[in-house]
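Two complexes, one shared chain (subunit A), two partners (subunit B, subunit C).
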Partner chain A sequence: MTPAISVAGLTRRYRDHTALDDVSFTIPGKTITGLLGRNGAGKTTLLRILAGQEFPSSGSARILGAPPAENEDVLRRMVFVREDQSYPDIRVGQALRAASWFYPNWDAALASSLLDDFGVRADKAVKKLSRGQRSALGITIGLAARADVTLFDEPYAGLDAVARQIFYDRLLADFAEFPRTVLLSTHLIDEAAALFEGVIVIDRGRIVLDAAADVLRGVATRVSGPSLAVDALAEGRPVWEQRRLGSQASVVIVGPLSQHDREQARSSGLDLTPLSLQQIVVQAATGVLAPALEAEAETGFETGFERTSA
Partner chain B sequence: MNTWVRVARYNLVGPANYLVLPCILPFSFAIGAVTAGRSPGHDAAAYLSSFFVFFAVQGWQTITRSLPFGLTLGASRRSFYSGTALLGMTLALVSGLVLAALQAIERATDGWGLSLIFLRVPYLLNGPWYATWLTSAVCLFALFAYGMWYGIVHRRWGMLGTVAFTAAQALVVVAVSVVVTSEHWHLWSTAGGSFTDLTALGLTGVIAALAVVLLAGGHITIRRVTV
Partner chain C sequence: MPEMAGLDEGTPLFVQVADMLAGQIADGGLAEGERVPSTNELAAFYRINPATAAKGINVLADDGLLEKRRGIGMFVAAGARARLLARRRAEFTQRYVKPLLTEAARLGIGTDDLTALIKEAGSEREGASL
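Take a look at the complex of A and B:
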């Protein structure tokens, strides 16, 4: 089956730096994938290339099996909502009306209902919207377009927590009814973590993590307590991080813990805290995933856990 | 609906810019009537140029303001350019027809009762209505295409590129002048030492050819524009 998004050896060089460096991944259809990474990691460049708005220096990007650049068969089945979207001198309602002409699956009722939820008036000039309201307009277009491939680049910049929750809820509800491929770039990782079926972490233009979200959620545990007990539990296991303070220690152990391990931890007075997706992404972005990879064969958690570059 | 037509409609979705067009003529007319119109000769035709210049501005604005959201809506660069050019051509044809009609009224009323020359531009727009329609439409469209090309150059290469583009045009004009007037090539003497034999319709043909060149230049330049 043709993946919804497939990228191979994608590189984008600018005069003085490389924004994307030999990036390769595939995203299956009808999934929500998180595109995560630090500022300047290359997420926006990647999304712009996927949307056909930027050109790669080398490599290829394919959407629904075809290159997106200047390909209207692909472009009309894709919507790209970007944080810094600029609009002509028009009103909110006019922007939505224009969008309805371009997207064959456009849902005007959904657009209207989203505007109500976000509290954005259709007769307001786009240039007079606040940052959050502009984000709400972008989200409205992105969801109401019901495009086969939906790319969100930091879509909720400036939105308050309530509005962000509305976005998550409406995205999930609409996705359940009309499944499509969504690639969402965000910094609010833990907040959006429940949405993701897959996670791609990019750092300095390279993919440092490409994995199923379910696999990642159980991939590492922080163990803290008396040093001797911590060392005993961690012995022979891949470890991401170690901290010591007097007789106390804290380590991040990679791989699932067995029932026996948990009982041993409880009897030794150790605290076990699963690492959140955000913490795992931080580990990935700071380049400390290597020990885990070396130990893949031992831990057995590697199903769906794929490291595409060092 | 064809993508070109969608793009043309998208450009018109915020009609404020285009509603300025019908306002320019009465405004320029009023200024011309109270200034040049009161001087000997009553020739205020130069004030009509503001209407033409606005077409170039409009072409520039379609690229600088409308292109990014247009591409976000799923139009390709090629379709956006073609659809916008289609809009420019339609506006030029309609505006040319309006100018021809107003020119007929100006003739019939002896310059709006003021002996004013506003729409009867000597040599260029002073023939039968169909010649006025054709010549003005071609000029307006050429300016629209010229504005679009400028906008594309600005979006692609920024201010530095725009300045270089302007300088390159100046160089081309100078080079053509030198070649045409050079005794070595005998072009000027072949033309009889002047181009006064060129009729208004002949000049319209030259401008139409120029419009095609401008359109092709914009089309080539927009292919690698990023937003």
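Take a look at the complex of A and C:
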């Protein structure tokens, strides 16, 4: 099956820096993938190229099997919601009507119920909306378009936690009913983590992690307790963030722990705390996770989310 | 991950979904022959990706605890509760008794004292439920 999104050797150079450096990945259809990374890592450049709004210096991007730029067929099957999307001087209802003409699967009922949820009135002028309301309008268009490929680039500037939860809930509900390919870039990793089936982490223009979200859970564990017991468990394993205080120690162990490891840890008085996705992503850029992820792949961990990695 | 109904970090989410459904079957909350919530219902309730919820259901189906009825959904298989309870009893020593002994040893509570404590707590519990 043709992947919904495939990128090969994608590079984007600007005069004084390289925003994307030989990026390759594929995203299977009908999945929700998180595009994670720090500000300036290259997420927006990547999404703009996928949306056909920018050209790569070299390499290729394909959406639904075809290059997106100036490709009407592809563009109608794709929606791109940018951070701080700007709109012409029109009313909310007119913005929705314009979108309804462009997107063949547009659902007007969904659009108006989303606006209700977000508390945005259709007769209001877009330029009078608050920043959060403008984000809500972008999200409304992104979801109601029901496009085969839906790209969200940090779509919630100015939205509070309650409104963001509305976004996540409505995205999941509509995705469940109308599965499609969603790529969501965000820096609010932990609150969005459960949405993702796959996770791509980009750092300084390069892909540093491309894995199934389920595999990442439990890939690193903080172990703390008596130094001797910590050292015994950590022996021979990749670790990071070693800390000591008197007879106590704390270290992060990379790689999954077996049932036997856990029992041994408990009986020697160690506390085990799995790292959150956010903490794992922070570490991904250092490359320290790579051995653990390879080990997972070798043991044939059933991910159901196979990718060809960069 | 705020607002997520009872899920923790670390364990793969689909394993947690499977564990929670198994727990409900063992407690009788989901009776044998009863329909299990659909993938989409689980996804909405736990606020997780539907594919993750589907994997959780499949773990139990592969184990024979759930059975698929074409076009209707997944149902709790006959004998599922008894199998889960037997498994839990087998795991009881490992999961509860050993950690209890470990902590007791750390606090200098001997096996006799521990037995007395258990008896005391047990009779309080029975007294309260009368």
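As a working rule, the second predicted complex is superposed on the first by the 284 of 310 C-alpha atoms of A that agree within 3 Å, B and C clash if a C-alpha of one lies under 4 Å from a C-alpha of the other, contacts with A are read in each partner's own complex, and residues count from 1 in each chain.
The rule is simple: a contact is a pair of C-beta atoms (placed from the backbone, for glycine too) under 8 Å apart; a residue touches a chain by one contact, two chains touch by 3 or more.
This structure is a prediction, so every number in the text was calculated from the model and none was measured.
*Asks:* Please tell me, clash or fit, for subunit B and subunit C sharing subunit A in the overlay.
*Replies:* Overlaying the two structures gives subunit B and subunit C room side by side.
*Asks:* Return first, second, both or neither, reflecting whether A:E54 touches subunit B, subunit C, both chains, or no partner chain.
*Replies:* In the superposition, A:E54 contacts subunit B only.
*Asks:* Contact-wise, after the overlay, does A:Y87 reach subunit B, subunit C, both or neither (first, second, both, neither)?
*Replies:* The answer is first: A:Y87 touches subunit B but not subunit C.
*Asks:* After lining up the shared chain so the two structures overlap, which partner does A:Q264 touch, if you call subunit B first and subunit C second: first, second, both or neither?
*Replies:* In the superposed model, A:Q264 contacts neither subunit B nor subunit C.
*Asks:* Once the shared chain is lined up, is A:A99 touching subunit B (first), subunit C (second), both, or neither of them?
*Replies:* In the superposition, A:A99 contacts subunit B only.
*Asks:* Output check: A:R217 vs subunit B and subunit C. Expected answer is one of first, second, both, neither. What do you get?
*Replies:* The answer is second: A:R217 touches subunit C but not subunit B.
*Asks:* With the two structures laid over each other on chain A, which partner does A:L75 touch: subunit B (first), subunit C (second), both, or neither?
*Replies:* A:L75: touches subunit B, not subunit C.
*Asks:* Please provide the least distance in Å between a C-alpha atom of subunit B and a C-alpha atom of subunit C in the combined superposition.
*Replies:* Minimum C-alpha separation, subunit B to subunit C: 26 Å.
*Asks:* So which bits of subunit A does subunit B touch that subunit C touches too?
*Replies:* Touching subunit B and subunit C on subunit A: no residues.
*Asks:* For subunit B, which residues count as touching subunit A in their complex?
*Replies:* Interface residues on the subunit B side: 1, 3, 6, 9-10, 13-14, 16-17, 65-66, 68-69, 71-79, 223-224, 226-227.
*Asks:* Show me the residue ranges of subunit A that touch subunit C in the complex, using the header's touch definition.
*Replies:* Touching subunit C: residues 31-32, 161, 165, 168-169, 172-173, 175-177, 179, 190-191, 193-197, 213-215, 217-218, 221, 263, 266-267, 269, 273-277, 304-305 of subunit A.
*Asks:* Taking the complex as given, what residues does subunit C use to touch subunit A?
*Replies:* Checking each residue of subunit C against subunit A gives 1-4, 7-14, 39-40, 43-44, 46-52, 55, 94, 98-99, 102, 106.
*Asks:* Which bits of subunit A are touching subunit B when the two form their complex?
*Replies:* For subunit A paired with subunit B, touching residues are 48, 51-55, 70-72, 75-76, 78-82, 85-91, 94-95, 97-99, 101-103, 147.
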